[in-house]
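Below, each structure is written out as structure tokens.
The following pair of complexes shares a single chain, subunit A, combined with subunit B in the former and subunit C in the latter.
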Partner chain A sequence: MTARKLTFEIFRYNPEDPESKPHMQEFTLAEEPYMTLFRALNMIREEQDTGLQFDFSCRSAVCGSCGMMVNGRPTLACKTLTSDLADTVRLHPLPAFKLIGDLSVDTGTWFRAMAEQVGAWVHERAPFDPKAVEEPMDDELAAAIYESDRCIECGCCVASCGVANVRPGFVAPAGMNRIARFMMDPRDARSDTDWFDVVSNDDGVFGCIGLMACHDVCPKELPLLEVYAYLRRRALGTAFLKKA
Partner chain B sequence: MDDAAEILQTGAVRRTGEGPSPAVSAREARRQVLYELLSGVSGLILALFMWGHMFFVGSILLGEPAFDWLAEGLEVTYVAQPTVVIILALFILHAVLAARKIPAQLRERRRFVALAKELHNAAGEWRSEGEESPLRPHVESWLWIWQVRTGMVMLVLGSFHLVLMGLDILTPLFGERVGIEAATSIARTSAGLVWAYGLLLLCVEFHAGVGLYRLAIKWGGGSRLRRKTLERVEKFIFWFFLGLGFLVLLVLAGWIPPPLAFLLGG
Partner chain C sequence: MERIESTDVLVIGGGLAGERCAMEAAAAGLRVSILSLVPPRRSHSCAAQGGMQAALANCFMADGDSPDLHFLDTVRGSDWGADQEVARIFADNAPIAVRELAHFGVPWTRVRSGPNQYHIKGEKVVIDEPAEKAGLIMHRDFGGTAKWRACYAAAGTGHAALYAVDGEVVRLGVNVRDRAEALSLVHDGGRCWGAVTRCLRTGRPGVTLARSTVIATGGYGRIYGKYTTHATINEGTGASLAMDTGLVPLGNMEAVQFHPTGLWPSGILVTEGCRGDGGYLLNRDMERFMVELEPAKQELASRDVVSRHMMQQIIDGKGVNHPAGPHLWLDLRHLGVDHLTTKLREVYEICRDFLGIKPWEELIPVRPTQHYSMGGIRVNKDGEAYSLAGLYAAGEAACWDMHGFNRLGGNSLAETLVAGRIVGQKVAESTRRTRLEIDTSVANEFLDREHARVQSWLNRSGAGQSVYAIRDAIGEIMINKVGIFRTGSDLAEAVEELRVLHDEVDRAVLGCRDPGVNPELSFALRLKGMARLALVAAKGALARTESRGAHCRVDFPDRDDSNWLNRTLVRWGRDDADPAFEYEPVGLLDLPPGHRGYGKASHVEMTESLDAYNEAVIDQQRRHGMRDPGEPVGSALKPGAWRDAEARAGLKAIEAGQSR
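Moving on to the complex of A and B:
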């Protein structure tokens, strides 16, 4: 079987350079067996254009740096095999984040702001006592918390979300996943009533209009549909069952 | 410029954080739950009403006498009169509450549409097959755009239809008596309303089908029934009511005779 010749159409723009204008640049490359986009992009940078900007670190879908729009879908470049793509591969940076240049975006600022907005850390019930015996946790609950913690903050869900793309204050799927994680955690001091003010509004779970794109594109296959249904039900319960 | 570039060029980027703070007061949060609940519940009631509605107008398939008998039955028992008023109120309530989710500015809408289109069309540019397919085809964002579009059409045509029915049920303006009659309905429909009603029917069935599916997912139906199952249910409901509705319209337009009239010896 002869190797395919792949055409890469890559978005080029350097916001720092006043001369630079957004445009698509074409590169061609012979496909190799089991070639990932990570490999392809590195080959292009080494052999064809050393100025091409894109982010990579772990190349094994753990660090979450290489999220980009691949043929119209946000996904991790390191996890994407070129054999899964058509002959022409269109690459754009993730929308909803600040563009650093070409395919590189600043997800860190976004996630930092989101984490501060939702208070994405355990609010301790009591000061940590290193000598005390650790409180046991139910296996199922521990597994559920672990499942939420699998989020690598790559930003694919944020980029795929229509709402996050038009409303910068929206906590977005990644933010809802964070909220659900701390809401479930019995070590966290915040009550349903405390959470209610964060969750039950248009920047929280009710900003979500059920587009389901986040769930469909999540490279870690997190159950994001269940996350937002869970938050909705908790908000409803707080509104009607508890006196605020 | 293609859609992906359009999304990037009309960008909304989150500013840095303002620090941890509750986003809204508890009172406002309560109000938001209520909006969300009313929007969903009104949609649910309207969708369920449309199913009942379909069986009532479906009586025309048995012939004009059956239709008139049912219509009069609902009017003498005073079911029809409050229903038309309540449905009109729910219709407006649902439109107002659902519209709060539609992006206000044109550039936001363009961005929204471009993104939905990109995600939808992506399926054609990925070629993965087999059990390790990384591609979960995504259409729901695109369906949402069409829910808004059909909603807008319904707002115009549905309002017209509801006001017309209100006049029919509550005033002697049309036909021989106060109330809905097969003869006047057929006369109006065959005179040209069939085209408007055909479009309204298509919009209603699409909007309600997708809306029920989305409502189920939003509140957690996805964990009980698999999403695939919900999708199949949605498709079945859509095609069933669309088919039945078109059959009814063909009879009301006078293009085919009532196909089930033989059941009543007609």
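Moving on to the complex of A and C:
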């Protein structure tokens, strides 16, 4: 059986090069067994165009470096098997982030700003005591926190979000998931009232217009629909408590 | 535009070790900058799945565990190559580091009281966990330890730890420059004053001057090409930066660990936790060969032992054929769909995403690949580099040296946090005592040199090889001739061939000269360093005519404590023709060399007495460049504390070793 010929249409633009103009460029490649976009893009770069920019690090879908638009849908390139794709594959960089070049975008700056905005760390009650035994925690709760801690900040949800693409201050799905993660953690000293100021505005959960593409595209299959419901309920509860 | 900026502490590398160091310095009120190739949360620390070793003794199978036992396991695991004082510091501090992570928010898996079902050596066992331990941090069996000791957050321990620590870094306002790299250290021959940097957004060079510099860039697995579980960013740049100075020695670069279960053909790591939870290894005839070969520990023997038995199966023709080369099988089918999709979900996802199979129905193709770099920048117990003040290293980039010639599973993640904590404190103390005293003309000389190096790549033309072809050729040599089994003739060939490739780097030609970051140029700037690391690893392996830990010489099968109870040190300035090798004692011996309790039982005994060995350690290490640590060498040891540790825990002592 002869290998399938794959055609890749790849977005090209190098902002550091005054000569460069955004355009699509075509590459072809013979498919291999178990081929992922990690393998394919590296082959293209090493054999056809050594200037091609893209990001991979772990190549095992845990580091979140390689989010990109594959046929118009944000996903992790490293875990996209070419056998799941048609003969022609179109690749674009994630929108909503600043372009670095070709398929590479600046997620680092975006996620650092989000972490500062939502205070994405445990707001502690007391300083760490190196001599003390750890506080017990129910394993069910630990497992629930782990579930929402699994976000790898790849940015696919941000790229898919109708609001994040047009309003820079919006914490976006990844930010809301981060809020929910700390909200459910009893080690975090923030009260519902503290959280209210972060969550209950147009940059928080009430900015979401409910398209829920984030839920569909999340490579880690985080239950974002449930996250927003949880945040809305908590915010609403706090609002009534405030009135009362 | 060239620019020079200054900070108090410069940390090169944004993984767990670097960030934990940065936290200490920032908490002490110092200005800290982190340079990271990727946003810190994408560092390779995030990929550590299995766990973090710390003797909390919380669950039934951990009952009686203690830092003394952890110390014993670590030193034995190292095949006595470790610095035992560092192993002691590590074992004593690991419980603090784990509990501190709980304080930072890591959702550790917790003890569930009452009956729990575990898989132990392939059997289903029900154990009652006592109510008084309910909710404390749980342990699992991982990496050949005497007791269940690995603390874990489901199958994403590294991820959870890295996110918690990075959260603290953000809280403390540390200046993180992601997509930035160091091209060389700036120093005046006696003290390190920061680094020449390059922005990986724009390609622009600069200098960051600092009162202290920390290297925490992780391992050098990518010198093994595609035969590694390491991320693409683990190119050993930190070790290269230090070696380039010609001052700082690298320690034990030949000490490279292989992981038994790299997914084939991609090389992605399949966690040891699979075997900890009861997974089997099978050959092409569906035989569980580990049961026969290692009846006591079976699939849970230490990594080097398992890797070697697997390679032997492949060499004996018992591997399964595949176009990319033979592999063996990992069998998790009996664990069932529930276990695999919850407790081992990351493994299930790897099978689904990279192979398209269901691990409860099908076997997983695996083979040993490079996994961990025990060698690295040689530092004293405070993490300060030999022969260059103000330079520190921590984590996999360092040779601190708690791992010696073999690292135990779960000890690396623990090391990043223990070392990060301790080295960070030492960095903060010494930084406060140091004024920035460096002539900017010195900094500019280093910057000019790097600028010239970049220009020489961009200007070069001719018929040289591509940088990627050279990388691939180095990788093939390393896995085939400087791999799991080593012989003098293979290693001698490897040295010759690597030397040719090393020289070839200077003739290699780029295909891309575009302005901006230029990914090919970025790689090219690291390639010479990778070739140099490969060569010193091969030369070190050729010189070491014994087998110790992961360094397995078929032609010298015994550990030789009479001639080789020492650490390899190599110095090789960027402009020196050849590397210079020296050897120092491994450190003060508290646990006398003996049998590890698994693997080969015989070894060549020390000829020197322990006292004579120990008396010479400090002077010899000083002579090799060790800078005096804050506390005297040996002060953290607890001599003899290991003696009845096994009896106290109800374990049979392995072997007394030679008497004092």
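Rule of thumb we're sticking to: the second predicted complex is superposed on the first by the 240 of 244 C-alpha atoms of A that agree within 3 Å, B and C clash if a C-alpha of one lies under 4 Å from a C-alpha of the other, contacts with A are read in each partner's own complex, and residues count from 1 in each chain.
Going forward, a contact is a pair of C-beta atoms (placed from the backbone, for glycine too) under 8 Å apart; a residue touches a chain by one contact, two chains touch by 3 or more.
This one's a predicted model, so the numbers in the text were calculated from it and none came from an experiment.
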{"item": "Subunit A as common anchor, with subunit B and subunit C clashing or fitting", "value": "fit"}
{"item": "Partner chain in contact with A:63 - subunit B first, subunit C second, else both or neither", "value": "second"}
{"item": "First, second, both or neither for A:79, with subunit B first and subunit C second", "value": "both"}
{"item": "Subunit B versus subunit C as contact partner of A:184, first or second or both or neither", "value": "neither"}
{"item": "Subunit B versus subunit C as contact partner of A:116, first or second or both or neither", "value": "both"}
{"item": "Subunit A as apex of subunit B and subunit C, Cα-centre angle in degrees (nearest 10)", "value": "160"}
{"item": "Which superposed partner A:149 touches (first subunit B, second subunit C, both, neither)", "value": "second"}
{"item": "Which of subunit B and subunit C A:51 touches, first, second, both or neither", "value": "second"}
{"item": "Smallest separation of CA atoms, subunit C relative to subunit B, angstrom", "value": "6"}
{"item": "Set of subunit A residues, in rising order, touched by both subunit B and subunit C", "value": "79, 81, 83, 109, 112, 115-116, 119"}
{"item": "Sites on subunit A touched by subunit C in the complex", "value": "14-18, 20, 33-34, 36, 45-46, 49-53, 55-65, 79, 81, 83, 100-101, 106-109, 111-112, 115-116, 119-122, 124, 128, 130, 132-139, 142-143, 145-146, 149-150, 152-153, 182, 185, 187-188"}
{"item": "Residue ranges of subunit A in contact with subunit B within the complex", "value": "11, 22, 24, 69, 71-73, 75, 79-81, 83-86, 88, 90, 92-93, 95-99, 109-110, 112-119, 160, 162, 165-169, 193-194, 196-204, 206, 208-213, 216-217, 225-226, 228-230, 232-233, 235-236, 239, 244"}
{"item": "For the subunit C and subunit A complex, residues of the former touching the latter", "value": "38-39, 41-44, 46-47, 56, 96, 98-100, 102-105, 107-112, 134-138, 153-154, 156, 159-160, 163-164, 166-168, 170-171, 176, 178-179, 201-203, 231-233, 265-266, 268-269, 323, 346, 349-350, 353-356, 466, 468, 510-512, 514-520"}
{"item": "Residue ranges of subunit B touching subunit A (in the complex, touch as defined)", "value": "2-5, 7-9, 11-26, 28-30, 32-37, 101, 103, 108, 111-112, 115-116, 118-119, 121-122, 124-128, 133-138, 140-141, 144, 214-215, 217-223, 227"}
